[in-house]
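Please read the structure below before turning to the comments.
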Amino acid sequence: MIFQQNNPIGEIFTILGYWDRILSGFLTTMWLYVWALMIGFFLGLLLSLFRQYGGRILSRVSGGYIEFIRGTPLIAQLFFIFYGLNIPVGTWNVLARFSIFDKNITFIFLNHRILFGIIALSLNSAAYQAEYLRSSIMSIGAGQLMAAQSIGMSRVAGIRHIILPQALRRVIPAWSNEAAYLPKYTVVVSLIGATELFGQAKSIVADSFISLTTYIIVAIIFLITIAIISKGLDTLHKRTEIPGL
Amino acid sequence: MWKSYEDLQVLKGVSFELAEKEVKVIFGPSGSGKSTLLRCINMLNPPDKGEIFLHGKNITASGVNLNEIRTRIGMVFQHFNLFAHLKAIDNVSIGLRRVKGFSKEEAREKALEALERVKMAEWADHYPAQLSGGQQQRVGIARALSMEPDIILFDEPTSALDPELIGEVLQVMLDIAKAGTTMVVVTHEMGFAKAVATEMIFLSEGAVIERGTPKHFFMKPESERVRKFLKQLEVLYGTHEQMIDLLEEEEK
Amino acid sequence: MPDLADILIYIVTKGLAQTLLMTVLGLLIGFVLGIILALMRVYAGKELNWLASGYEKIFRGIPILVLIYIFAFGVPELFWYVDPLQRPLASIIFALGLRSGAYQSQIFRGAILSVNPGQIEAARALGMSGLQTFRHVVLPQALRLAMPSWSNEYSVVIKDSSFAYAVGIVELTRAAYNFSYAFRGFWTVSIGVLAILYFLLTYPITKLFGEHQTKKLKKLGMGGG
């Protein structure tokens, strides 16, 4: 066999022996994911509203931002923020230590790498989420806003009470796609030295010299995570469905 | 012929013969199985039970080359079904080239002839989306004609058209009927039926209710249902009949 | 002191060829795979359909960086026939291709399914065989319908090729990184130039194919807009 010199079952157990690092990495990955998704959502919502209703200048600016982010690689964005902006934040860690069984697990809430990682991922995801939100807003049509204004609502109130509740429901299926697959983009943060799941995997490989098995286990963890999130969002979609919308 | 989809029996024993140069008009309420019947004849939707003979050959038998059979049974569709990526001329010539194996030049020549017959030759280089519904349907008829089939099936060829476009299509259909083309036409255009049908068949709920010449149907139809249905058609399509009369007169 | 032109020339001459090579080959592998998978999903039986959809799920869910590492460090033997120095490059092209195949499969499947069924019926009524119908009616339209999404996939692959940076291949991103590393203090400009370069490589093409092609398809009355 050319792929495996060693006993594959033995390798799997060796790697699972590093479960403390895998767990800590996974928590960091999910930590990055949740922040990026949330911040990205609110920024994206803002961008889509600016783009749609913001008047000429705001609409152009947010449109340009969305196109530029979508037209450049995430790595370039991350490097620009991490290396390019020269923000003097120093080196520091906000972390928690706890032990499970006999292992000490360190979970870093925030350090300069995680911070810049979250910023880059959020700014990136915002552009993609904005596109989904905008096409959802566009699909509702100008007629409803006009109808809202015709019963005396202000434009802002119309957007807030008539357009948004519908747009947010309608966007769920398309948005779920972005939301479910966002975890896989967080691996990019390992390139600036954050120890999320993939960063931990590389350190496990460096210690154990077992590469294929380690990376496949990481791949499987991502697949399961994405499948679970997908399923959860599906349920959310079904719960919030309104007939005819 | 019998045909059912799951529990729904669409055709319950429909049978008829079609002689050469005959024009058979099939009509009846929607959901009566008219379109299914046509799709059985060219085996796009083979019947579950029953047999179809073309020039004495049983085409429902197993082992028959259906593609070859279909080149001999043309079809014109309600929604035209022109190939959207091909110009009118290529819509007509593609069957000649790819199925009948004609050379590019031969196919083009024959296709132009067919377009000429439906008065669409000058539109040969237009894409379907650039044509009106009536023009598209004429190209659809040319596509069927060009294959020189033994029979052409028409599946409600004018029912998807705006009223002002129906005349040009009916005119073309009258022309080819008078030229001796064997046709099975599902339509509610009673004026057309009156003018050229050799026999009319009233289909309802998958069964033949009544059949006869146009004269029979318009003078003294037997069943109450046919009478009622014809009455409704008259309200809806009465003006079309006058249009056919006009077309006829113009010709004279 | 390097000026803007120096930075641009450095990045382009060192990196553009590799970036484009990875993109083109990755897209090509993905195209062949995508067509096959799409055909399996639309026309094949249950088992093959299940297989293709499983493939899509797996390769869409694994981060591209993990995939690159699996091929580059996990199974380098897979590329025994390639010159050892070129193996990292081969593994990235492979990873990009397999991943893109999963996405292109979805693109082509959608395109095939959006060809009007009435036209397929018309082709069969003309006496075309199933294969002829696919070849002359479905495929030419499906390829046109797929164009806008396909141009988007091009943009995805060229952007993802930047992950080759991680295994030391000198493409655009690594070139910009190396340059900044050599001239500390030039991070802002060189990464900025890098981003603009990528943008110029993606935006005009997705714009052209996306909007222009969508308009053209609408004019042909294909796909319902």
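First chain written, first letter: the chains are A, B and C, and each begins at residue 1.
Going forward, a contact is a pair of C-beta atoms (placed from the backbone, for glycine too) under 8 Å apart; a residue touches a chain by one contact, two chains touch by 3 or more.
Since the model is a prediction, treat every value here as computed from it, not as a measurement.
Asks: Point out which chain occupies the most central position, where each centre is the mean of Cα atoms.
Replies: C
Asks: Could you work out which chain's C-alpha centre is the most distant one from the centre of chain B?
Replies: Chain centre farthest from chain B's centre: A.
Asks: How many Å are there between the centre of chain A and the centre of chain B, using C-alpha atoms for each centre?
Replies: Inter-chain centre distance comes to 57 Å.
Asks: Nearest whole angstrom, what separates the Cα centre of chain A from the Cα centre of chain C?
Replies: 22
Asks: When the centre of a chain is set as the mean of its C-alpha atoms, what distance in Å lies between chain B and chain C?
Replies: 46
Asks: At least two partner chains per residue is the criterion; list those residues in chain B.
Replies: Touching at least two other chains: none.
Asks: Which parts of chain A, given as residue numbers and ranges, touch two or more other chains?
Replies: Residues: none.
Asks: For chain C, which residues count as touching chain A in their complex?
Replies: Touch residues, chain C against chain A: 57-58, 60-67, 69-70, 73-75, 77, 80, 155, 159-160, 162-163, 165-166, 173, 176-177, 180, 187-188, 191-192, 194-195, 198-199, 202-203, 206.
Asks: Please give the residue numbers of chain A that touch chain C in the complex, ascending.
Replies: Touch residues, chain A against chain C: 2-3, 67-68, 70-77, 79-80, 83-86, 181, 184-185, 187-188, 190-191, 198, 201-202, 205, 211-212, 215-216, 218-219, 222-223, 226-227.
Asks: Considering the complex alone, what residue numbers of chain B touch chain C?
Replies: Per the touch definition, chain B meets chain C at residues 42, 44, 67-71, 73-75, 77, 79, 81-85, 94-95, 98-99, 127-129, 140, 143, 147.
Asks: List the residues on chain C that touch chain B in their complex, please.
Replies: Of all residues in chain C, those touching chain B are 116, 118-119, 121-129, 132, 136-137, 140-141, 144, 219-222.
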